[in-house]
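Worksheet: the structure to be examined is printed underneath.
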Amino acid sequence: MRKFSSDKVPRKKLLSLHIDVDRFLPATSEQKEQQVTMLPSTTFFKDGMRKLFKKPLAVFAIVVLSLMVLTIIIAPRIVPYGYSEIIKVEGKRDRGLKNLPPFTYSEMEQEAIDNGADIFPHIFGTDELGRDYFIRVVYGTRVSLTVGLFASIIVLVIGLLYGSIAGYFGGMVDLIMMRIVDIIYSLPDTLMVILLSVVLDKVIGESLHGTAFASIGTNMISLFVVFALLYWVGMARLVRGQILSIKNNEFVLAARAMGASNWRIIRKHILPNCMSVIIISTALQIPSAIFTESFLSFIGLGVQAPMPSLGSLANFARGGMQSYPYKLLIPAIAICLIVLSFNLLGDGLRDAFDPKLRR
Amino acid sequence: MLKYALKRILLAMVSVFVIMAIAFFSMNAIPGGPFAKEKAPEPAVQAVLEKRFNLDKPVMEQFFLYISNIFQGDFGISLKTGREISTTIFESFSISAKLGGYSILIALIMGLILGSTAALTRNKWPDQLIVFFTTLSVGMPSFVLGTLLLLVFSLILKVVPAWSIENQNYVLPIIALSLYPTAHITRLTKSSLLDVFGQDYIRTARAKGVPRIKVIVKHALRNALIPVITYIGPLTAYSLTGSMVIETIFTIGGLGTKFVTGITNQDYPMIMGTTIFLAILMVIMTLISDLLYRAVDPRISFD
Amino acid sequence: MNDTPLLQVKNLSTSFPTEQGVVHAVNGISFNLDIGNTLGIVGESGSGKSVTAYSILRILTDPGRITGGEIYFKGENILNYSEKEMYDFRGKKISIIFQDPMTSLNPVYTVGNQITEAILLHTDRNKKEANERALNLLELVGVNDPQKRLKQYPHELSGGMRQRVMIAIALACEPDILIADEPTTALDVTIQAQILELMQELQKKLGMAIIMITHDLGVIAEMCNEIIVMYAGRICERGTADEIFYNPCHSYTKGLLRSLPKFTKDREKLIPISGTPIDLLNMPKGCAFAPRCKDAMQICLSELPKEIPINDFHLASCWMNVKKVYDEVKEGRKNG
């Protein structure tokens, strides 16, 4: 090889660098440590939350959802109307109360107010039967959110149990369980939902009569049954896949070597490791359940009248949409906001918690 | 590949059988049965029903006779109209197929274009615009979008005429039906492309001196398309069920409308027949997309 | 000897702006490479070896940017080339083989397709001629049954075979320089030896220069006549293989060598380098190795060491060498 060129500092010249001899003293280990700036240590959860709250869209979603939940809790206590109550003015029926625009009173109400009565304003007006539209939208939101939440919980519980059993035991158990999942997975879910809703409506309709379930309606029950029967397979597959990949890790082997029971290994070692993926997919399941509910309401298989859901409100509003477009827009915007918020929240959670995305 | 295909076809056949069984036995579980006398309007129809659905035979035999009839293209008759269900299906399905087919095509083309654009302009304005669009689109139920489109463009602005048999204008229904899958495919394509861009073989291609455009088209896109292909099955299912809503909104007399009318009328043979027909179609499309997926990816087909 | 080196890297700096801050992967490194020579770059993961290689070919992935310096190939600064000119440069003048042959080949195209692609891009051979060339190349790199291999997909080949295919692709247009980025790390030990042997053989046959990037000192000792030791994106020491191995003058190199097992009679204990590699986001003011260096002095913490010659074939940037000169002088004064 060629000799190094002479543009480097030659040895002799070093003496003229005026270096203080004290600086050749050894550095202490404290001094060395100061050089290394450590990142503040955080737990997985804290770090994820910090990342989540840094995302403006995720924060927006959390704020919107919190406001909605607050509204559906508080509004029924403030607004003096029931969701199925046909409003009467001083005990008398009022024909003028139908299809009022937002924040207006009927003639009879106006008279009553002039006479000193205190009448709560119709924030979103009234519907074609003379019911307060605001409270109907509030209850509709409540129904839609409940459906979304419960359906996801059902899916979560069944999918988690089924998936962890299949994934953990493996072998023949897994093979048979996953064949069943394959078959259910290959069924067109929406069609099956429609079919089962049609049937369950008739089958369980009679037996529900007079029980607490009657008020939420057979369609709602059948919707949950359908979710319990069909929609858990996606979650089961996800959980099984996660468990299979975690199961083969050394720390699980170590736990087993120390004599930990199967249940303990699942609970202590496997579940915490696939938690983030499960939470994210549950958050994303909620809007899809709300979608399904509104779709069923639309084709006439949703909640039982007079109980409103956002889907059924929007569907009924289609009738007079040229005259009262706001009646369509209000529930439509509510659905969009809920679904959008859950989607954004799910995306935010994924970005913040999914270890696979971390570099 | 052959082994996989056979396995997959077997699964599809089992699914079809399960669907038929669910449809038939759940309908039979309805108190009084799906063909209960009071639901048939006329004695003449009633008599035909008895004969067509072999109501005098035991339930299991009814079931197998029903299945074999279906494979001969006989779906029974409607309780309400007394017409052959198969005739209704084949008459109205062409309209639904047109609507669904165009929507699928548009969703695929638009989704791929938008998804690639977003991936290539990551974090720049086109990407941000596309992310905004997809985020909004997946949060909008198709019936809301359909109704709004109808309201604004047909009823208020009157720029697009409403659908009618004489004037079959599919523009608005197709937009309403394809927006959600477009957004979904866009997201899928984008994430898949970004994933591929990070792969080592893309670096190899660049290091060979392959021009950027060829790296994208030849090396990245083909790999990125693989997950999109698997979405074709669910996409078909979405379009077919979605068209029920869209057809009802735009008063298009397709199979979807007939199905929804059947539900409203509690016309059980109609619901059963249409469900089975649509379900078979969806199972076949899923089968095709799964097989196509294996065919495109050499890693799997040679296993 | 011709005076302009084949490849001359001057003060190259590369960084990656990220959300957390700017990662300074390469910080002003310079080196030369002459025709037919083999240059080894050693260092642990994150020391900037691979980034240096990618910078030379300008194939950094987003958001990587070359922030300073010049890269001269046959006297021309390739940093001034347009992207279009680079297409004609990559794979033809300089090619590269990567660490993981499992993932470096495109899974959906046949081996033949991927070799001929480079040939068709850079030469005016037609498809048939390119195929013949590909066949010859596979023979050259020692792939058995090349006719069959051409039509196979990467997943049907073993790791060693795939790396041979990668080498075939890299050699397709007879480049002047072959960069080997940890070419044997992902392979079995027996295969490693075969691949290294193959590369030496090919170098003799084709006369190209090689830049060998590795963290494996054994590989370097076998292959290279000049060695660069990198830490935290800087060069800490460079020289001939003999100088580096038998006369290491930088604490980091000494540490590296101490952590290497020797097959001598006396059982020496292996001494690992303590601490973790430096965080490239927050580079210290002084020597980057100082926090892990057992000989660190006050000056190491506050001032970057300068590169000073140990002899004609050996340079090192370590304050210890300066101290040594001082001590010698002091000693000399006492004695004299």
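For reference, chains read A, B and C in written order, and residue numbers begin at 1 within each chain.
Methods note: a contact is a pair of C-beta atoms (placed from the backbone, for glycine too) under 8 Å apart; a residue touches a chain by one contact, two chains touch by 3 or more.
Since the model is a prediction, treat every value here as computed from it, not as a measurement.
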Task: Intersection of contact partners for chain A and chain C - done: B
TODO: Please flag the chain sitting at the greatest distance from chain B, going by CA centroids.
DONE: C
Open item on the list: With centres defined from CA atoms, tell me which chain sits nearest the overall protein centre.
Closed with: A
Task: A-B or B-C - the one linked by more C-beta pairs in contact - done: A-B
Task: Distance between the centres, which are taken as Cα means, of chain C and chain A, whole angstrom - done: 49
Open item on the list: Taking the mean of the CA coordinates per chain, how far is chain B from chain C in Å?
Closed with: 54
Open item on the list: Using mean CA coordinates as chain centres, what's the gap between chain A and chain B in Å?
Closed with: 25
Task: chain B - residues contacting chain A, complex - done: 11-12, 14-15, 18-19, 22-23, 26-27, 29-31, 135-136, 138-141, 143-144, 147-148, 151, 155-156, 237, 241, 244-245, 248-249, 260, 263-264, 266, 268, 271-272, 275, 278-279, 282-283, 286
TODO: Going by the contact rule at the top, pick out the chain C residues touching chain B in the complex.
DONE: 54, 57, 59, 61-62, 83-84, 86-92, 95-96, 98, 100, 103-109, 117-118, 121-122, 153, 155-156, 166, 169
Task: Complex contact set, residues of chain A against chain B - done: 182-183, 186-192, 194-196, 198-199, 202-203, 206, 287, 291, 294-295, 298-301, 311, 314-315, 318, 321-322, 325, 328, 332, 335-337, 339-340, 343-344
Open item on the list: Which residues of chain A touch chain C once you look at their complex with the stated criterion?
Closed with: 1-4, 8-11, 14-15, 17, 19, 21-27, 31-33, 35-37, 39
Task: Contacting residues of chain B [partner chain C, same complex] - done: 122, 197-201, 203-212, 219, 222-223, 296-299, 302
